[in-house]
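Across the two complexes that follow, subunit A remains constant while its partner is subunit B and subsequently subunit C.
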Partner chain A sequence: MTRVSKQTLQEWFAAYTFLFPVLLGWGIFVFLAMVMSFYFSFTTFNLLKPPQWLGIDNYIRVIRHPDFLRYAVPNTLKYVAVVVPIQTVLSLIFAFALDQKLRARDFFRTAFYLPSVTSSVVIGIIFVWLFAPQGVINQLLGLDINWLNNTKTSLPTIMVVNIWSTTGTLMLIFLAGLQDIPSELYEAAAIDGATRIQMFRYVTVPLLRPVIFFVVTLGIIGTFQVFDQIYIMTKGGPLKSTMTWVYLIYFWGWQEVRPDMGRASAAAFLLAVTIFVVTMIQRRFLEGSEA
Partner chain B sequence: MAQATVARPVALGGEMPLWDRIKVPVFYALLIAWTLIAVLPYWLTVVYSFMPKTEIFAPPRLWPSPFTLENYRVVLTAFDEFPRWLLNSTLFAISATALRVFFAAMAGYAFARMRFPGRNLLFNLVLGSMMLPGMAMLVPQYWMAVKWFKFVDTIYGLTIVWVSSSFAFGVFMMTQFFKQVPRDLEEAAFIDGAGWFTTFFRVILPLARPALLALGILSFQGSWNEFMLSLILLQTPENFTLPLGLAMFRFQYYAIYSNVLAGSLFNSLPIMIIFFVFQRYFVEGITYTGLKGGA
Partner chain C sequence: MMRRKAVLTTLVLVLLAVVLGACAQQQPQTQVVEKVVTQVVEKPVEVTKVVEKEVPVEVTKVVEVPAERIEVRLSGWTASPEEENLLRSLLYECSVQRPDILVKYEPIPSDYWAKIKTMIGSGTEPDFYYMDIFQFPFFAEEGVLQPLDEYMAEAGVSRDEFLDTLINAFTWNGKTYGIPKDFNTLALFYNKDLFDQAGLEYPTNDWTWEDLKAAAQTIKEKTGVAGFSVPADPGRFPIFVFQNGGKIMTDDFSDTLLDSPEVIEAAEFYTGARAEGWAIIPQDVGVGWQGEAFGKGDVAMVLEGGWMVPYLSAQFPDRNYGAVHPPAGPKGEGNLVFTVAYSISVNSKNPQAAFDAIACITSEENQLKVLESGFALPSRKALQDADYLKENEVARTIFTGAEFATPFMWGLQGEAVNNAMAQALERVYLEGMSVEGSFKQAAEEVRAALQE
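Now for the complex of A and B:
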């Protein structure tokens, strides 16, 4: 039997006192919420109707639902598949350019980051106006497209807005990563006669791999959950062409005449699992390509 | 150019000098192009918010003509709720920032420095919850707000739920920070007979100012701009935050979009001022957890 000293007990007490507010808040609104969410996902209910157990059938109802299968999932996957690579490559290029010893670096960095501090609502409001039929963008391009009201252009337009708003943040992360690479490594490579392309391939890319992983992970988690811009710009329309996974969850849980929060929870759980799996595959992929 | 060619051994290959010659102009062109793309939408918003509402689709210009302050006057006087939204947003952002930073710092310190049963399990659980999409918790959070705590449609309810859901990131960031603070100062305090609480408040918190500021700024930005949780939890217009009110504006006053643009600048301006003043901390906050934390 071990005796716990008074000092140790004091430390335990102090630790749990320090942790108390976080454990209370996080414990209720994250941990318990997640457990409840799991339970809810097997039921059907709303505020007026107590949860009624449906079991795995609830998931089958979600997966078979035409809005889920035909609109929410394909739209979201398209969105992720287009936005993540483009914003990653763009931000890497800009970070690379800013990492050169150019004049006015700080100015460029500030300008690039501006969209990232703006609220998604304001961004949505601005772009609804810019992309309006008689808006600035059509006037500048000499076109007459109803960008947000056309089933072919609505989702791509929202993709463009999202790339515009996140590239700055990701660029900052890449820039910090590039600046962390010791310059001696480049000098050593130069002495060994490496070309600039070889340096990029064998010094920059391998050392930047954890940062690339981080940026792509952030991108995946963020794009799978696209909601704010959809709500502000199109509300899922026209004809569900911008209906995404999270927008559908919101629609089922809060917007329908008879909301079904159980069905919304099941869709949310499927989303959490999907994001987790995609992130893991991505990690395997990025680690697997180790030079 | 001659200098550059002399300095570089021939072994580098023939394609290099060309790239060296065009590199700087190419980079500048890229940077300037994206700067225009990033800044112009804001500038146009400012310009058209100072123009009469009939000119909202007038050909693009870089300066407001004809100039008017009418939109701002209308937003501040004709919409009774607008000042309320500003007040609600300010209350929410300030209290959410203060609570999150203070409590996250306390928890981060405990995780970084103290030994206690359950430490690793708790830390990993909190850390792991960062991976969860916020959406997955929204239904239970709403349910609790309505059925248990009865604080749906209040700013303090929104604050409690937002702060609680965003603890994980803050705790992680503060833990990483405290882990790399040298122990000397604390040890001196302990030798002087100070306990955990005195040491934390007198020695550690003052030392942690940069990290607290970085987290504080990220928190202010996050809560000031927050939308989805407000949309779910707030119901009557007089309790709305500014982003939520603006979202309503956008749909109800589509015909007077100049007013909507003017209103939206009230949301952007404070955060931009803070960004310009505390730029360094924005950068630190973002890069800190991402890199030094080692994903």
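Now for the complex of A and C:
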């Protein structure tokens, strides 16, 4: 057994003393909650009666439920596939633009970041008004579309809202990454006669690869878990056109007269596994192309 | 430069704090009732302001407050501050009438059912709480409510004192599990100004579907405003089914009748109203609820409940309106009744005190106060001759609507039935699907849910 010096022990003690409040909170409200939810996913549990062991059935019931495979999964995948690339590219472009010496740069940085610090409930309500049949959007475009009450436009509308509200946060992360790129590289590229666009393509993007990975990962996790805007703006409707994975979990667990916590927990674990797998694939993809 | 950044950062942080602060929920006030009581004991003079005539009696009673009062907790949702004040004033009355019981009121401002169910799961539910008819079958089936028949017999409270539809609705396997608190039915609210403009007579209680259609068409022609509203709302559409002699579920709730000819015919009339241009859905005029469209004057007639009265007087005080019974269909009258009761938890340590509190809140004297407040209709038969109902047309219409009303309740899979019904109508409105195909699909969805 290796001997631990007195100093190391003291350091450990100090470290854990400081960590204790966080670990306690995290242990109860995150870790314990996760373990309980994992247990519930193998039980029949309607909140009023103690859970009863059921086994793997809940997972089968999730997959077999028409709302899951017909609406929740395709809607969520569509959502991820559209929102993640657009918000990543947009926020990178904003970050690159705001990294230049522009007038009123700080104003734009704050302005673009503002949606991210605004409550998503407030954003949702504002966009319900903007996209109303007699709302600003229709008046500006000269259209008469009921954006949120049309099965074809409801999900894209929510995508727009999400892109608008998250681009600022991602832009900030990109900005931090951009500041880390040494200016000598740009100077060297300029001497070699590279244009701005070439610099962006061959200097900025490759050096930002770790940041891009981080932003895409955050984006994937966030979009797979989309809930608040849907809860505020459409409640999964019309005709389940905005029924997403997490909204379905919420519906099964909290909205039905007889709550089905077992099935809701099972769907939550399937989602966690899916996000994990997608993130791993994406990591392979981004890191693999670096070599 | 650095300083400017610091200023900006501070600005963003302040904004963040404001936004987060705005999100924080208000703490429910649980102590108010107790405070009122204490005040009365200390300064009996204060009572004069609140309880006018009976001051001397009340004061003697209050002075005799026992050293130990039995504490019972009550939870309910709050539809409006006014409604909450009404309940608080009833609780105050009862704290005077029954000084040995202290009711602690703990309102649940939103997500009431999720919260109550979680509280039951963790054994922390209040002694008695609001029970909606739509949720009732689940709670009764799971046995988390206290049967009240013995308490009622002992206290001399008879089932016959309450409107039959209401008390029967809270009966499960022959036992009573809730004392109806109040109720609402649907009425046809009509905009008098639009009727005048179109040169039409106001609707009457003996209107039929044909009268509704004719009037709505005339209003649309003469004023350009839609005559009627046919939302994809499972809390409105079923009355057309009842008026057509149909039902949503079988009597034992084991199967749905959404694909029966009576339902499909009713749905054809209902959705046809919009296709023929004399009715709208609220979304057509950019609102989520037809009550708002009515208030704004975007539709001349809507089927809504008594909640419209405080809503209109607060939001659209100039709206000149009346209300009559919903028009009768080919098979006569039909209506929905929405009702809420007080139920006692099976885990309550003081069920007797909880029952006594309920008996006090729902006593004839206190129910009269509910009626006169104008927020809800009392559950007691004896009040059908109250002066308030004679003088108040809208309240009388909604109260008497209970006569031919069916409770808004579709059994243990009520939510699935509601969703299937709403989506069946939406498919017709948004995707132009045939009524028959859409309702057959809805019936299949309900059957799938029933088999789970």
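Some notes on this structure:
We take it that the second predicted complex is superposed on the first by the 258 of 291 C-alpha atoms of A that agree within 3 Å, B and C clash if a C-alpha of one lies under 4 Å from a C-alpha of the other, contacts with A are read in each partner's own complex, and residues count from 1 in each chain.
Following the convention adopted for this analysis, contacts are C-beta pairs under 8 Å (C-beta built on N, C-alpha and C of every residue); 3 or more make two chains touch, one makes a residue touch a chain.
Fair warning: this is a prediction, and the values are worked out from it, not measured in the lab.
In the overlay built on the shared chain, the residue A:49 is in contact with subunit C alone; subunit B does not reach it. By the document's definition of touching, neither partner reaches A:145: not subunit B, not subunit C. After overlaying the two complexes on the shared chain, residue contacts for A:238 are found with subunit C alone; subunit B is out of touch.
Within the superposed three-chain model, A:114 lies in touch with subunit B and with subunit C [touch as defined at top].
Once the two complexes are laid over each other on the shared chain, residue contacts for A:21 go to subunit B alone; subunit C is not touched.
Once the two complexes are overlaid on the shared chain, A:207 sits clear of subunit B and of subunit C alike. Applying the stated contact rule after C-alpha superposition, one finds that A:135 touches each of subunit B and subunit C. Comparing subunit B with subunit C, more residues of subunit A are touched by B.
By the touch criterion stated above, A:181 is placed in contact with neither subunit B nor subunit C.
Once the two complexes are overlaid on the shared chain, A:82 sits clear of subunit B and of subunit C alike. The interface of subunit A with subunit B overlaps its interface with subunit C at residues 47, 109-110, 113-114, 117-119, 121-122, 132, 134-135, 254.
Against subunit A, the residues of subunit C that register as touching in their complex are 4-5, 8, 11-12, 15-16, 19-20, 22-23, 111, 113-114, 117-118, 120-121, 134-135, 137-139, 142, 144, 283-286, 412-416, 423, 426-427, 430-431, 448, 452. Listed in rising order, the residues of subunit B touching subunit A in the complex are 9, 11-13, 16, 19, 23-24, 27-28, 30-31, 34-35, 37-39, 41-42, 44-45, 48, 56-57, 59-60, 99, 103-104, 106-107, 109-111, 114-117, 119, 122, 125-126, 129, 131-144, 146-147, 160-161, 163-165, 167-168, 171, 195-197, 200, 221, 224-225, 227-228, 231-232, 243-244, 246-247, 249-250, 257, 260-261, 264, 267-268, 271-272, 275-276, 279, 282-283, 286-287, 290-291, 294-295. Subunit A makes touch with subunit C in their complex at residues 46-49, 61, 66, 106, 109-110, 113-114, 117-119, 121-122, 132-135, 146, 149-151, 237-240, 254-259. Residue ranges of subunit A in contact with subunit B, taken from their complex: 8, 10-12, 14-19, 21-23, 25-26, 28-34, 36-37, 40, 47, 93-94, 97-98, 100, 102, 107-115, 117-122, 124-130, 132, 134-136, 139-140, 164, 167-169, 172-173, 176-177, 180, 193, 195-196, 210-211, 213-214, 217, 221, 224-225, 227-228, 231-232, 246, 249, 253-254, 261, 264-265, 268-269, 271-272, 275-276, 279.
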